[in-house]
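First chain written, first letter: the chains are A, B, C and D, and each begins at residue 1.
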Amino acid sequence: MSAYRPEELLIAVIARLLAGTRHVAMGVASPIPGSAALLARDQNGGLPRVSILGSPRHTFWSDGGKELFDCAAQGRIDAFFLSGAQIDGQANVNLVGIGDGYPQQKVRFSGSFGSAFLYFMVPRVILFRPDHDRRVLVRKVDFISAPGVSEPGVHRPGGPYALVTGKALFLFDRAKQRFRLESVHPGVSIDDIVANTGFDFDRPAQVPVTPAPDAATLALIRGPIGREIAEAYPQFAADILGIRTAA
Amino acid sequence: MSAYRPEELLIAVIARLLAGTRHVAMGVASPIPGSAALLARDQNGGLPRVSILGSPRHTFWSDGGKELFDCAAQGRIDAFFLSGAQIDGQANVNLVGIGDGYPQQKVRFSGSFGSAFLYFMVPRVILFRPDHDRRVLVRKVDFISAPGVSEPGVHRPGGPYALVTGKALFLFDRAKQRFRLESVHPGVSIDDIVANTGFDFDRPAQVPVTPAPDAATLALIRGPIGREIAEAYPQFAADILGIRTAA
Amino acid sequence: MSVISLDELVARIADGALLGLPSDRRGVAMAATRALLRRRPRGLRLYNMPTGGMQTDLLIGAGAVAEIETSGVSLGEFGAAPRFARAVTSGSVVIRDATCPAIHAQLQAAEKGVPFLPIRGLIGSDVLTHRADWRVIDNPMADAGDPLVLLPAVTPDVALFHVALADRDGNVWVGRERDLVTLAHASRTTLATAEKIIDGSLYDDERLAAGALSNFYVSAVAEAKHGAWPLAQPGLYEDDADAIAAYASAAKSDEGFAGWLAEHVFASRQAAQ
Amino acid sequence: MSVISLDELVARIADGALLGLPSDRRGVAMAATRALLRRRPRGLRLYNMPTGGMQTDLLIGAGAVAEIETSGVSLGEFGAAPRFARAVTSGSVVIRDATCPAIHAQLQAAEKGVPFLPIRGLIGSDVLTHRADWRVIDNPMADAGDPLVLLPAVTPDVALFHVALADRDGNVWVGRERDLVTLAHASRTTLATAEKIIDGSLYDDERLAAGALSNFYVSAVAEAKHGAWPLAQPGLYEDDADAIAAYASAAKSDEGFAGWLAEHVFASRQAAQ
């Protein structure tokens, strides 16, 4: 087995989650999802199309920021990524702040961005948060930027599909409204997951280990994918994937 | 008094109706209103701005056909022109067809275009129809493309302001919901107006004669205005105003 | 793969399709329309954005149209649209009379993936009276007594139009003709003809990119020189006034129209294109 | 007459104005923002379209802001927006949390002159819970049981942004940055800075015309070379990463921020511009 960085494992994990999609989009500051989407594309004969906000080369949008949301509402985006300062067991996402007394909470984050809309519209929303601890993965979020589940009758073609952390992969069961532990990353124990996860989740009797990226995958990541992602994320490409660019 | 063509009289009449406006727009196939708006602009120190659909030089719109309507809804257009296959005494306009049994009427015209919207939004809508007879000016239109008046409570910053025909100028009294004869064009009798108008209208005891265009006005129309309008309406500029263009 | 022949292009327009079309002189795919007529389509439903002209009159006259939604159909300075008027008064075509901003708003609703958009005006117009699919409600954001109209989203099956430029990836350049953008966004897919197919990408030049529409929306492009003829193409050429006038005259009678069709559509592929 | 100095431009932004601003790297008028701060404005209400960054953090930190509506404020890869977070948690600025497509839709409602636009999603989000001005209704176009949200039109008093080109008539070139078009259409008026003022009209070149925004909307333009510095300007230059990082670091403390302001805004006109 080849040596690989944690980021490379995550890129490979996420790429597998994107199999079968036609169009994957992501917001700003998403180098790992961006690399994963490009990897999925290269491993699946050219699909999905990858749209990276802020990357002229990977953005066909020419009608302003609204075009992303319009596309999502029309079902023209199959997968998207969200993160969260807090994520809870019902897949609620908090991007706003920690503590009571909104808006004067103890800690304030950036804000909800497009989450309150895209989470409803995009069929495969992948929650991505490398930190895996009880600070992030909580029983109940302090502010629901975007809810994981909705009442019957609410128009919701989209929603949570998976949660990828630095320790494990969960899939979300929409019927049960719960996460199910799908695999733990190499070297991580179940006890570690239980100890560091603030919400209850389902798991199989035998939890598989997340497959490590093989040599061919790593070569792709460190070669063409790295050079391509460097346009949008030169720092990431340099520091993590070892890509040096002229700029 | 200079000799002038009927079209030149109408251009001068309409130009006076546009005094004090900041922005005048018109649809396709409006050479007389277009010339009148340019004349008003030249006679009033550069205002109104004139937007002529289909004229690259006189259209600032760069966001598609909706921009005209969006501007109108925002109050950014002060005057607009409508015509009608039929116009009645309540200033209802019919651009659709003649006869009963819509849609299978006896005669079908083009359709209502933007009238059902713009008539509500633009403060000074000028009805312009050179033909003045009982076929056009009817007691009640067969189809209301756009109503002259609205119930209280209907959002309606705009509406009919004047009716200009080949024989006379009427102003519309919104409170009374009736036209008032403002002036008859030179050489036209009141009896002629009454005989050829299918609806009742108010009139002063002494009906003034529409002032003929003076020499300076005619020089403007036949000079700079004609050359400018030729871009959008070369045929009209050549046949009526005697402007020869290279194209 | 994105660039195909004109015949292949029009073969993708199924009988019965809801076809979104721009107004005359805003990028009408006339060469494609003639090619389409040669395959004798039936039951097309036209959605004029927002008005129709020679293309609409021609499709109706040839018996290809079952329904039309429009704000108006006319040949402009060349007069009325005779085949359209005949079809409406005879009842051979179902008409949904609309008004321009409503046509735009229905497409914008589809573009935004919302079930409706509100619009002002219209109340008291017989255009509204005859539209069972348009609804008057009391503005929920006002205290009371503010009626306004809701328009449903309309999603054309196919948008068909002509542009100045396309690249080999199937991106097209619409320039200032932003209606084509709205139409493409609202429609399930877009078929375009282009005056010229260029090498390289439209997105390589920021000035062209500002007027580009992506192959994300455009499923196929065919090259068609003078593809809007006899209509004007924005920025490229003017109306062929003699040809349009000849059509306007011929279309006044059934025999005249049949003769025009025979000569300009069915006579020969060369002549027609 | 349309082209004025930077100081004259920012003098047109009144205290208390609702100010529409684009996101970082989409044409932020940073030189104008520094000039604005030098006249010590108060009570500004910011409307981020749809997010804010360094400009927003700076205006808030300088005490110029009473309220902000935003989908998020952050310095992106340079970290959190410290002055923004401080002001929100301390309650010194009123915040209206939103979500990006709602920000767009509220402006589009203003652009279209309608009182509201509908939007999907949002139901169950605390963003919605805290917005008394957003209303959930049952979709009037559906049979029953289809809740959706209505958003009111928002009309900024002034849109302020930076573009690559303007002409002497005050037309500006926004290129692909169509958000600037929506923002300008929605706002009562627009003030723009331009990297370069060109002779001739932007409308003379069809390629430029496709990305032009008319002086019908833009009441004044000022020339500002490197007018987005230290932020990137689309198609022209990248972030000055060192300068932004220095700001991000300084803004973490009150003293650091005051020092940054003194040096980069108030120290000297040359240095500031």
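General remarks:
Please note the rule applied: a contact is a pair of C-beta atoms (placed from the backbone, for glycine too) under 8 Å apart; a residue touches a chain by one contact, two chains touch by 3 or more.
Note that the coordinates shown come from a computational prediction; the quantities given were computed from them, not determined experimentally.
The chains in contact with subunit A as well as with subunit D are C. Between subunit A and subunit B, the least number of touch steps comes to 2.
Seen from the Cα centre of subunit C, the chain whose own Cα centre is farthest off is A. Averaged Cα coordinates give subunit B a centre that lies 41 Å from the centre of subunit D.
In terms of their C-alpha centroids, the spacing between subunit C and subunit D amounts to 36 Å.
Measuring from the averaged C-alpha position of subunit B to that of subunit C gives a distance of 28 Å.
Counting partner chains per residue, subunit A shows two or more touched chains at residues 62-63, 66, 73, 121. The residues of subunit D that reach two or more other chains are 105, 112-114, 119-120, 146, 148, 176, 181, 209-210, listed in rising order.
By the contact rule set out at the top, the touching chain pairs are A-C, A-D, B-C, B-D, C-D.
Listing the residues of subunit D that touch subunit A in their complex gives 23, 25-26, 49-51, 70-74, 76-77, 80-81, 84-85, 88-91, 95, 97-102, 104-105, 108, 119-128, 130, 145-148, 176-179, 181-182, 238.
Of all residues in subunit D, those touching subunit C in their complex are 105, 112-120, 135, 137, 139-142, 146, 148, 150, 152, 174-176, 206-211, 235.
On the side of subunit A, the complex with subunit D involves touching residues 28-29, 54, 62-66, 69, 73, 95-97, 102-121, 143-147, 149-151, 153-155, 235, 247. Against subunit D, the residues of subunit B that register as touching in their complex are 23, 49, 56, 60-63, 66-67, 70, 72-76, 121. Residue ranges on subunit C touching subunit A, taken from their complex, read 110-114, 171, 181, 185, 203, 209-216.
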